[in-house]
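Below, subunit A partners subunit B and then partners subunit C, in two separate complexes.
Right after this comes the complex of A and B.
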């Protein structure tokens, strides 16, 4: 019985085994990987990816998809930088207080989530198509705000979250760790978290149990949008500037991290703790490839192959569980017979 | 009879005048040039557009300027409108290198020569193109890097990170090849190349990862417009940002020389860039004149008097037609305040 519990735990959190093995291989083969500064870089890589993966996992667990998270982040980051800049810095000329600008930005992120959620739940539109539309609209709007010009000279207050450190640890790493902690607590220990799993797993059964799936999903989209907005504040701090194209294309890596972390694309299943494992794995791969001397043209294909391999391992999760359980049972039986 | 002869003479003079006005000869105010910019929001494009205006006026021609605001479809519509207006020639910076081929074909059907500046059309040919000599720009930045490394170590050695652009683009290939061809002569310089898609986020990550794990001596970025701010921010985040003159300073070199780079230069962190001669891309008017006069643009050296002195380049034939690659201007802390540089405009 104890053995079965351990096998289930092991398979459920398979990503951590894959991550540990990868760390060992990378540390043994790549010079300079295991330095404090470099490990800090791995975590830094994982901040924006991590926040967006929390948001994407939330939507997937709730049985929906949000493709707009990356451009939501880029839009918010650009907007916040623009409204807090003076005219001379090719900004809006509004010179808005940076903290107020940041709060407006997160509010806009939540608003984008509300629009997505309302279209999906009230008008019964498909979330894949709705958020694909939002992705295109927001990507275009980011260019419209200031005609695609990169914004430099950002107010230093706005760089604190993404670009400064506390006791040697990047603030963005602390914030992302905190966000993962909160996500784990809410998903495991609050009724709101459990409702999201119930709705994502079977909306009809959830409704029968007195849960309003529409309301749960709208809140879910709004929280996801807000988290993407916070990621927007991190990215401008990390770069020290606000490029108009910053969130485009990010969503593919976000989904890869989320799925590698074991979140089901069909809803109702997944753990934020394991999503963290997926985020760390992809961040480490990106970092390791930057440290290797391989031909630059091979970087992207190799990265793709590694992600495919990780997804393959994830897809074999249930087969592995069955094999391990069968093996454990047969060992127990032969043990009993021998006794 | 006298009256009849007078009438015939007047008619002949009028016909000759009319013919003169309608001719495509590049003489005087009769020549009207249409110009289409991809987006005047971009500081570089503003400089290019102002330069074209100056060069057109220098020829004594009239300019009709249009701005596509970054929309390739609008640029196509604007070029069609210029064709309808029967301009003598069209100069444009393609908003989209491939999408521009349809309007180029329409101009060809109407018998109006069309010229590109700054970017080559992709998949079709124009009468001529004027752009920066990106290969030379890469070479100049490499020479500056070698000089800095030699000054630091007594000989050319060290580790240099090359942050590439999108290597599927000719611009990135030329900037990379120019740099690499110089650096590979120095066996003790280790070159680490990291490809990007010209995005700030990738420039930042490549800098952080490589510079924190290796003792990088210098960084060459294919575009300092993309990289100067984010690379210095990334170096700061790993405690490796030091001013020129500090023993721990990492040499920074690039190509472009836009305003953001000039600021980083003045702040004491940048070492060398190859500034494009954007104000003199308008020298395309010299090529327009050749074509309107019925001449042929031939391969060879090119020289002219530019906005702030002599300019030079080479004309070569390519799949996109004759291409004039103008020499870039090497920028160092010594000449960073030169007002002729487009980044200081």
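Right after this comes the complex of A and C.
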């Protein structure tokens, strides 16, 4: 019985084994990977990707999808920069207090989640299509705010989260690590977190157990939207400016990291700890490809192939589990029911 | 007295599915609830658990009157239902499945997993299940999941546990384990309602038994004082079961004509956990009935014949080949047609119109030599089919989703027959259709037989089987336990065979 549990754990957290192997390969083949500055770069790439992956995993665990997270982040970042800019700049001229502006921004992120969640749960609309719609709407609205101009001269207070360091570690890395810690705790140890898994696993059975799936999902969309909003504050700090197209297209990498991290697309299964593994893997691959002298046009296709390979590994997860369990039980004859 | 349901009545539209039914269950009693399909068992149970809002009548548990139509109230009052179709959280651990919605919390408002595993282990021990509560639910077999559902009911300290067909998916040793558990629970003061089609089991485990028929209660009997004959009579010796003369005389003569022409020969066909060593023969022009209780393997047998499921052993001889059909495409090209019991899911394309549905199987025939297909030709074929199969619709353009159930079924039949199959596998073709549609479906099938087709008719409807078939084969828990010539068969004998009571 112990052995089967151990095998189940191993297969569940497969990503960390893949990640370790990749680190070994990359470290042996690419010079300069293991320098502090470069590792810091890897982690920096993983901040925005990490926050958005937490949000995306949340939606998937609840049995829904949120494609709008990337543009939600971009919209919030642009909006916050714009409302806090004064006259003479390309901003709104409102000169809003940067902290207030940041809070408004996160609020807007939550609001976007509320709209998504309400459409999905109250009007029974499909979450893939709803969030595809909000993705397009928000992407367009970001351009509408100020004719798609990039906003420069952002208030320095707004750059603290994304652009500055504490004891040599970027604030955004600290914040993201913190977010993963909170996500793990909430998902494993709070009743709200467990309810999300129950709803995603079987909404009908959840209702029979006295859980309101609609309410749980609405809350989930709002939290996910809020997390994307926080990512919006990070990205403008990391870039030092607010381009109008920021956040467009990132959702693909977000979904890749989430799925590689073992989150089930059918709901009810996934761990934020493993999502972190997926995020680190993709960040490292992106970084390694930058370090090599590969023709830059080849970087994207190669990245795509690597993602496909990682998803393939994920798809073989259950066969691997069966295979390992079979071998384990045939050697010790425990014949446990879990096999 | 634990449970007292009085005057329970439920009306859907024009049909009364439950009429003034009363039932009481004592503490420490195992109370059987029996009746044929559609007798009103599920509705009565729904009324008790609050999943169905009764139109009249009330349910009292230990002196507390239950809120009608409030499942949570019933749950909290101490009524637990273990449904036939287990609903659980496959991706979550066994422990969490047991405690979902009420996980124990520690000091800081965080889930106390140590306590979860401990509580789960206690519950599992109560039902005698040796399973690690940390493993995912999906890794367990049906029997264990059934036990876990009971454990869940117990951990909610239920006063009344309702088991709906709990043995349908269980093997013999598991059933005796379940029965032992039920008896222990009853001895501890829990009241149990036990719903089953398996009368043998009802006789071996229940103290009293309530019989429903056509939405009416036939009364509650002491199990030890009623004979199985009497019980069967109470369940359904209605006029529907008296043998009637066969409808079509011409059908008979044509059958004799084709008598020697064997269409399908099945020998020792087996499929693990579904059915074993089935042998049957279908002649041209013959209608063979196949029946049995839910889970007896009839559905799997038909699907295996059509190549939708894989056989684990045995041979079939059909369409000039002795190879077992591997996939539906092959079945169709060798001349089989299959009408699924899941009409909406598997038989018709609801978004398509009548013409598109009817011509689905003959698209190749509709195109000209350059591979183009003209709608006019399809329309002609469709119009023809509409009159042949007397489909009541506004025309070939009407969407099939908007047709009545009976006419959808005629479209499904027509679609299948258009390709000219020689062997028809029909699952519950008259299920849920009105009398007029039933008659014309029967006629369509009879006419196909006259043209030389053979039919395997899977049905639960005793009346239909007696009226239209030539022979009836009965399965019981995967075994072929009887084959009757319909000519000298009466309803009671057939029901006895279906229920697994040896004649």
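We adopt the following convention: the second predicted complex is superposed on the first by the 332 of 339 C-alpha atoms of A that agree within 3 Å, B and C clash if a C-alpha of one lies under 4 Å from a C-alpha of the other, contacts with A are read in each partner's own complex, and residues count from 1 in each chain.
The rule we apply is simple: contacts are C-beta pairs under 8 Å (C-beta built on N, C-alpha and C of every residue); 3 or more make two chains touch, one makes a residue touch a chain.
What you see is a predicted model, and the numbers here were worked out from it, not measured in a lab.
Superposition note: with subunit A as the common reference, subunit B and subunit C can be accommodated side by side.
Applying the stated contact rule after C-alpha superposition, one finds that A:32 touches subunit B and leaves subunit C untouched.
By the touch criterion stated above, A:185 is placed in contact with subunit C alone, subunit B being left untouched.
By the touch criterion defined above, A:206 lies against subunit C but remains apart from subunit B after alignment on the C-alpha atoms of chain A. Of the two partner chains placed around the shared chain by superposition, subunit B is the only one that A:240 touches, whereas subunit C remains out of contact.
Using the contact criterion defined above for the overlaid structures, shared-chain residue A:3 touches neither subunit B nor subunit C, since it reaches no partner. Judged by the touch definition given at the top, the superposed model places A:296 against subunit B, while subunit C stays out of reach. Once chain A of one complex is fitted onto chain A of the other, the partner contacts of A:326 are absent, as it touches neither subunit B nor subunit C. For the pair subunit B and subunit C, the least inter-chain C-alpha distance in the overlaid model is 34 Å.
Common to the subunit B and subunit C interfaces on subunit A is no residue. On the side of subunit A, the complex with subunit B involves touching residues 31-33, 35, 37-38, 40-41, 44-45, 143, 146-150, 152, 163, 170, 235, 238-241, 243, 245-246, 286-287, 290-291, 293, 296-297, 299-300. Residues 39, 41-43, 69-70, 164, 167, 192-195, 199-201, 204-206, 208-210, 212-214, 225-226, 229-230, 232-233, 236-238, 260, 263 of subunit B touch subunit A in their complex.
Of all residues in subunit A, only 1, 4-5, 8, 185, 188-191, 194-195, 197-198, 200-202, 204-206, 208-211, 264, 267-269, 336-338 touch subunit C in the complex they form.
Note for the complex: subunit C touches subunit A at residues 71-72, 75, 87-92, 96, 100-101, 103, 105, 109-111, 113, 130-132, 134-136, 139-141, 144.
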